[in-house]
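Have a look at these structures, which come just after this line.
Two complexes follow with subunit A in common, the first pairing it with subunit B and the second with subunit C.
This part shows the complex of A and B:
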């Protein structure tokens, strides 16, 4: 059992060999066993968010074992030598905390939000399950059924989710981003205890983890605790380099028509392969981020919204989307829901015409200025959301960005010009790199 | 150096523990180290074909290392402790022989055709390079350039080949059959000596190999030589099970339009995922084999040929194709070259109408009977081609079929009924499992 109450702050540590860096209100350290520690101070309330981010996600799975990263996320709530299955969550709740865990393509993260004086307890428990998880067949197989049921409710029962899986599979010929995070059903069904243990032993280790602590804490106190609990853990000795298969050239526009009786509102989505934010080189990703806002970012004030919804009235909704935080290139997407009486073909033609016009004319100067002002304002408000801010660091660092990159990002966004946006758009809007999908009820028109 | 002349036949061996089987004119053995030996007797001429088939092909490569199986095929002509680089081929030629080697999705094969009294020499050399290949950086890197140039001339310079690669990548979401045998260019460029050596040590071993000797030989003589040369080789101790990632459900018809300035004649190809021949269960594959003949097998006498070329005159050519011999399911394909003045869309509509009519009406009884008679005749003539017959065994056995399956195949084909053909066609012609590709010059019509 763990101590469930206040901890003594240890002031008697020495500065670790790897040194530390303090920028703005962010302080970072690296423990001797390779674990990174990032502290984000926010003293407005006596609350702390404790997060451990593993640099492993669904895109690190070997072929044929899809879903193992997410499955292991579930299994992390089973027991250790010190803790029974389910006890972790009970203790968090008993201490008035909330918790969360999630698996992405590039990372797996475990979060607890507790009163600041419960930080040590969270670290003790999280460090314990980082290397000492004990899994048995009796726990693993029923949990696999839980995951299959999760897939059933989230994916199999949602035509939009199935459609998205099919489009991703078509978008990536070679890169594992084409495989769903939750895993293909037939592969999840075959995952074993041995698969989970092997994946855990390889990837769950301090040299593959980033600790992010955000809230009412002092960096040196956090470091002391991190040394005490995480610093004693053995690193993984078989951590593979994070090199994924990359895409070959895409030489033909791809189209898929997904029909499902459950579809109420047809829509179309086109995604193009697009570069991600790279450490020290975030300019193009910043231009794409602004492009997504300009084209389809905020309802009817965006280019697609204004032209397709407001003026031509061919769309009920139109949007564009771009992430940018990932280890490898992902996609830029555009999305249109045709208005009643407009076919998907007509809506797609209108979308293409809008995009072509945008590429010719470039962004409206006032519109671009407004977007940049909105971004500047949202950056200021972002700090009010401590958890969100901490997630920004965890996601960025696990994707290979540095603290500097993350802190530079708002300025990089502000430096984007109209020419940058058009150049980035022309670079990315290459039809050969695209997948255009139509989601339709069973009797909807065909594209040809 | 090797002895280059006649060998002594050793009659002093004992029957191996695993026993042997003799069926028809095919005799098979298994050596103690796991190597299979198959002897096909043909005493019409004093010639022998010596083949070693490895149960490894491009579909056994790990993600990111595409092309390594084919690259290693090239490197197998480098040296061993006993033989200098290039010497293998020189000796074959000096002995009046011819040779060949090739890499497929499921196997890699090495063949020599020589006078029957040179068999021992071939075995000695082939056994030597099975386990004793010596590779150096100086040999490997220039050979990689040779392979890249091969890719350049065969693939990059051929729009049809590039089109085929793109279609395969779209056809398989998960299975490695979507990766080209020669490898993606960017991955071949990065293959190393270490990659080649690791692949070689794992897969090139008697327990992963099948020896096929066809021609003017006696089975017991072949066995004696096989024991002497191959029987002494150590098996691989890290041979992985041959389990590849399988396809998830395909839920949407996929289309790709490939445009290339070098295309002279546009055409369309549609492939559907289709079952392969399975050991003891070849009925559906036999029906698909007959279906391919009926639909588009022999020019204008086939359904597509007669209707699209002769009657409607919308096609210059129409064909269908199906293989069936593979470890995992592959595809059934249909292909139409539109006549001048006919668009790809019109040709595709005509093809779809022909197929729909065929599914309704079933095959013409006389046509089916004629196809089966042709197959029966071709089976008789097939034995005249000793090499082709031997390849049939090598390819079948490396795909997981048994000698019995291979010998049963002609009868299974003859047992196919009209109902079997229609049932197999209905099972396979599911549009959601298909990829339809249009190959076009740059200015050809679009599909929408």
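This part shows the complex of A and C:
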């Protein structure tokens, strides 16, 4: 430990003793200006993935400006003081790199995959656009049309996506998780250059960013480059605390029937408000993660699949899902596609009966053991996908987890007992906290 | 018992450092099964991919969807294990299997832990060689496929592609839906699935790749064990054909706010000496980078779409050259006009030296980055074998890209890009787009 620290001092980086840690193939640092740095080593091939994650997403937007986080993500590929619009992408391509960016409710991320010897160039360019973006109306307006077409492709043309958007809005009365990431169409249409610049200046800064570098690199080299390019950037001085309006008590179950002529297969989804992984306290989220596997994580070997698909034959498909990585509580969901001849009401009743029985009986011990075996193995398989590992750290850290939390997670999952699962399920399966949605064809077509 | 094993090792080194680690060994088992192996011991896992040439194109017109349903049923039980027992066993071993049917091939993959690879691959073997196809699982998976077909029937992209196949390939198997229709899938019986299995999954059309923590000496007996029981020969492959749609526009009326447009014309064979020139040309025209001409003109300058791409699709039985775009109903007409104009412009003028240089830099730099992860490498190796590429292709591929000249691209663009033969299929309520048929 001391030796590593001395090594750092040699390079004259003012990194406090608590500011870095190295475990296994993961090393982390914090720069003076507040930027976090995580390095994941994978020396199998001379390739590197360079990612910058901002701790800002759609849930950080102000009311009325939905879609601005995502719109800004598009605009980040325009010019800076040093680079013309589109030049960033041209340089990445000219270096044989691939790149993209993504926006979620809680984070916005940018990445490039390149040969390991091009890392410095990527850092130089990414650091440049962190603080020096220059936008013009001529660039912003066509890009807003692009985003509206993206919304057309993803949402307006897909009844399942419209249904999902409506269900989310019903799930959160007060929290911004009810607003779609891409934004409501009427609000996206009205976003301006000024909106984008204000959002950018507030949130795009080293003290709101996490650098994740994964691949054939040495941590100390990455730190030196990070100090050189990101370490010199000025932090944001108006970064608001991430305190979003929270949900009041939900006192009535919500139901929605969504009909659209373009629905080919009807299905039902129910989501319940559910706690997320919290730093130092991931136990309940771990139990819910295992619960999602037990109930509907693997088709016909899981509870809903076995009972609804195999035994009662009332479903073509049944699943449950839970994420857990988010700044604020999100949802636990269950999903059933009824078999031909079964109505949505019958499928829902069968699903409810199956869940009630599970709460009484608890999980099958062998089933729980198989899930834990797979979780153990998935940590080995995950080593084959260093980009996946990098995303795990980026998403976890932007949601407020620590590296320790992320590294503890597999063990927390292993420690979950059958009793933990049932207790967590009973806490979460409160009908008043739920939205039940039915996706259906138009009435005249339903009788066919 | 130690058995004789013939191992031919072909060691491959090349000028691109990122590829230096990719050493392909050609292994032939005692039973005569050939495989390409990359030994990668740093993680104790093994990825195996087995591809069978043929795929859904083998289906007879009355049995459309049989091969697709067969592939879906491989994970639904084997021997005396029913579907749930098979899946439970897979979970106990933490093995990961996939079974897929495409137009040109059936592909099965396994990702297993080294510590239980013998047992896990034996389970994989049972699925491939002794699938149960029992009535219960058959009925359940048949209903699932019909439900997917129902969903596809209201998906504008699915509607567009099946319409284009119909127009371009008529009565050839490529003109028919590979997953079948609701009518044909409903009429299938378990006996049809057994026939489809025997037709599609035979050694005479099999290509095997293995990547991971396993040596050539260990792999030989494993190949015989896992794949040795497959039949020697399968059904004859269909005849080759050509994409024969005439130029023009087909409109499929569908009530949705954004029109989906796809286009196609005849393409170029993978083994054509001009393939690389065409490949580089397409990258500049509309390949998957942010800086292609189509992206620049349709998306960046005019904001008409979120994504516009062109692609060379050298299917086994007919090559096509196509593309895809989606725009609001009142803007799709303009997008199509711009695409036609770009097709014509490149046909007449070729590309610039700067564009060619940038394309080569991207394509040669990007290629090594594809080799990340055992499963991905296994998939590349199988793809190479099934398209008859030599084992040293990885080493020479970038040189073939580098060798493309400005004159090559101009010459190939001149005959390959046929603006007058472009057939568009538009699904939506496109304003101002005239159907020509």
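Please note the rule applied: the second predicted complex is superposed on the first by the 424 of 448 C-alpha atoms of A that agree within 3 Å, B and C clash if a C-alpha of one lies under 4 Å from a C-alpha of the other, contacts with A are read in each partner's own complex, and residues count from 1 in each chain.
One rule holds in what follows: a residue touches a chain if its C-beta (ideal position, glycine included) is under 8 Å from a C-beta of that chain, and two chains touch if they have at least 3 such contacts.
Everything quoted here is computed from the prediction, not taken from an experiment.
Asker: Considering only the touch criterion stated at the top, classify A:114 as touching first (subunit B), second (subunit C), both, or neither.
Answerer: A:114: touches subunit C, not subunit B.
Asker: With both complexes overlaid on chain A, does A:152 touch subunit B (first), subunit C (second), both or neither?
Answerer: second
Asker: Considering only the touch criterion stated at the top, classify A:265 as touching first (subunit B), second (subunit C), both, or neither.
Answerer: Second partner only.
Asker: Which of the two partners, first being subunit B and second being subunit C, lies in contact with A:376: first, second, both, or neither?
Answerer: After superposing on A, A:376 lies in contact with subunit C but is clear of subunit B.
Asker: Under the stated touch criterion, which partner chain does A:299 make contact with: subunit B (first), subunit C (second), both, or neither?
Answerer: After superposing on A, A:299 lies in contact with subunit C but is clear of subunit B.
Asker: In the superposed arrangement, does subunit B or subunit C reach more residues of subunit A?
Answerer: Partner touching more subunit A residues in the overlay: C.
Asker: Determine where on subunit A the residues touched by subunit B overlap those touched by subunit C, and list them.
Answerer: In the superposed arrangement, which is not itself an observed complex, subunit A uses no residue for both subunit B and subunit C.
Asker: Can you name the residues of subunit B that touch subunit A in the complex?
Answerer: These residues of subunit B touch subunit A: 62-64, 66, 162-163, 165-166, 169-170, 173-174, 176, 178-179, 184-187, 243-246, 248, 250-260, 345, 348, 437, 447-448.
Asker: Show me the residue ranges of subunit C that touch subunit A in the complex, using the header's touch definition.
Answerer: 17-18, 21, 40, 42-45, 83-84, 87-88, 91-92, 94, 96, 111, 113, 140, 143-144, 146-148, 150-156, 255-258, 260, 289-291, 296, 299-307, 326-328, 358, 361-369, 371-375
Asker: Please name which positions on subunit A make contact with subunit C in the complex.
Answerer: Counting only subunit A, the residues touching subunit C are 44-47, 77, 86, 89-90, 93-99, 113-115, 141-150, 152-153, 156-157, 261-265, 298-301, 306, 309-310, 313, 316-317, 337, 339-340, 370-371, 373-374, 376-378, 380-381, 383-387.
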